[in-house]
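Chains: A, B, C, D, E and F, in written order; residue numbering restarts at 1 for each.
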Amino acid sequence: MPVVRVEWLAGRSRAQKQELSEVFTQEMSRIAGCAPEHTQIVFTDVERSDWAVGGVLNDTPKG
Amino acid sequence: MPVVRVEWLAGRSRAQKQELSEVFTQEMSRIAGCAPEHTQIVFTDVERSDWAVGGVLNDTPKG
Amino acid sequence: MPVVRVEWLAGRSRAQKQELSEVFTQEMSRIAGCAPEHTQIVFTDVERSDWAVGGVLNDTPKG
Amino acid sequence: MPVVRVEWLAGRSRAQKQELSEVFTQEMSRIAGCAPEHTQIVFTDVERSDWAVGGVLNDTPKG
Amino acid sequence: MPVVRVEWLAGRSRAQKQELSEVFTQEMSRIAGCAPEHTQIVFTDVERSDWAVGGVLNDTPKG
Amino acid sequence: MPVVRVEWLAGRSRAQKQELSEVFTQEMSRIAGCAPEHTQIVFTDVERSDWAVGGVLNDTPKG
């Protein structure tokens, strides 16, 4: 039943998402006893222009 | 003031979202006494390649 | 696979959550074809002192 | 470490997001003592057809 | 209609939340034209033992 | 900058959360190249009475 959300900057590939999904699901099972078929992983790709750190959007050119 | 979020695989139509919004809002009113004009419903369509169950992304062909 | 989150002010009873869960799950099935056993509903009770509308926390006495 | 999410109707400009990011980050620092470089702001633009208020999607023509 | 969520470590006071709510709501109005009465701010206090940075939970004593 | 949220039924220990945090952070680094110090993991423990599957809250006795 666990839901794991991964929110990160857009740009990762489907292969990276697939590998992370596998590993996270296995580790949820090994460490916390969650049945793999009950673990869901949802990826949210965020554009650089939608994510600010320190008050500066991530698509801002570095001076 | 309630906020209801529906997170599901992309592919449902606008008509389905409209009908769900109506029904959910009515039921929030009937069951929990929430004024309809204060209930908000937000839909998030997730691509199959962004949602894994059992460690497998949903756009993986079944073998 | 759908996940429905209901975020509202704390104070509703278990019976209200149970009834909403049933109805929302049935309507997700009827309107959008989601298998009931795949629909999850998660409730988040928010304290009045953690929710502001119009810049005023909800536990503020009305003058 | 704080994460601030702004979920609103799509349509605001990058300049508005940048200005909000700056101000929110400064105010988080001034009011709550959060180091600016630890504050993250994430914007989620929601389409009108994905957001209902009072049981009516926001792209519904007003009668 | 905007919903702003502030997710941070537990420990801030009600007064800090009230002041942030006011300022954020004013700035949403000034910068993005959101009517103050439509802006909602929701605070989520997270315990140190529920938030890891760099793979280390925040209640870990520093060595 | 990635934020990983783990939403699951309450009951897991601090040690399980610490181990998961370490492993998830390492795998985010290995698979997706995310600097460990930029990866944050937030755990949300949900009570059984706040999570329904198939229209039934998780604290319902099985008949």
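Note that contacts are C-beta pairs under 8 Å (C-beta built on N, C-alpha and C of every residue); 3 or more make two chains touch, one makes a residue touch a chain.
Note that this is a predicted model, so its numbers are computed, not measured.
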{"item": "Smallest count of steps, each to a touching chain, taking chain C to chain E", "value": "1"}
{"item": "Smallest count of steps, each to a touching chain, taking chain A to chain D", "value": "1"}
{"item": "Same or different contact residues where chain E meets its copy chain D, judged by the half mark", "value": "same"}
{"item": "Copy-to-copy rotation for chain D and chain F - C-alpha atoms, rounded to a multiple of 5°", "value": "180"}
{"item": "For chain A paired with chain F, centre-to-centre distance based on mean C-alpha positions, whole Å", "value": "12"}
{"item": "Distance from the mean Cα position of chain F to that of chain E, given in whole angstrom", "value": "20"}
{"item": "Per-residue overlap in chain C, given as positions that touch at least 2 other chains", "value": "1, 3, 7, 24, 40, 51, 53"}
{"item": "Topology of the chain contact graph, where touching chains are joined (line, ring, star, complete, other)", "value": "other"}
{"item": "Pairwise chain contacts under the document criterion", "value": "A-B, A-C, A-D, A-F, B-C, B-D, B-E, C-E, C-F, D-E, D-F, E-F"}
{"item": "Footprint of chain F on chain C - complex, ascending", "value": "14, 17-18, 21-22, 24-26, 36-37, 39-45"}
{"item": "Residue ranges of chain B touching chain E (in the complex, touch as defined)", "value": "1, 3, 40"}
{"item": "Touching residues (chain side chain E, partner chain D) in the complex", "value": "1-9, 12, 16, 19-20, 23-24, 27-28, 31-32, 34, 51, 53, 58"}
{"item": "For the chain A and chain D complex, residues of the former touching the latter", "value": "7, 46, 49-57, 59-60"}
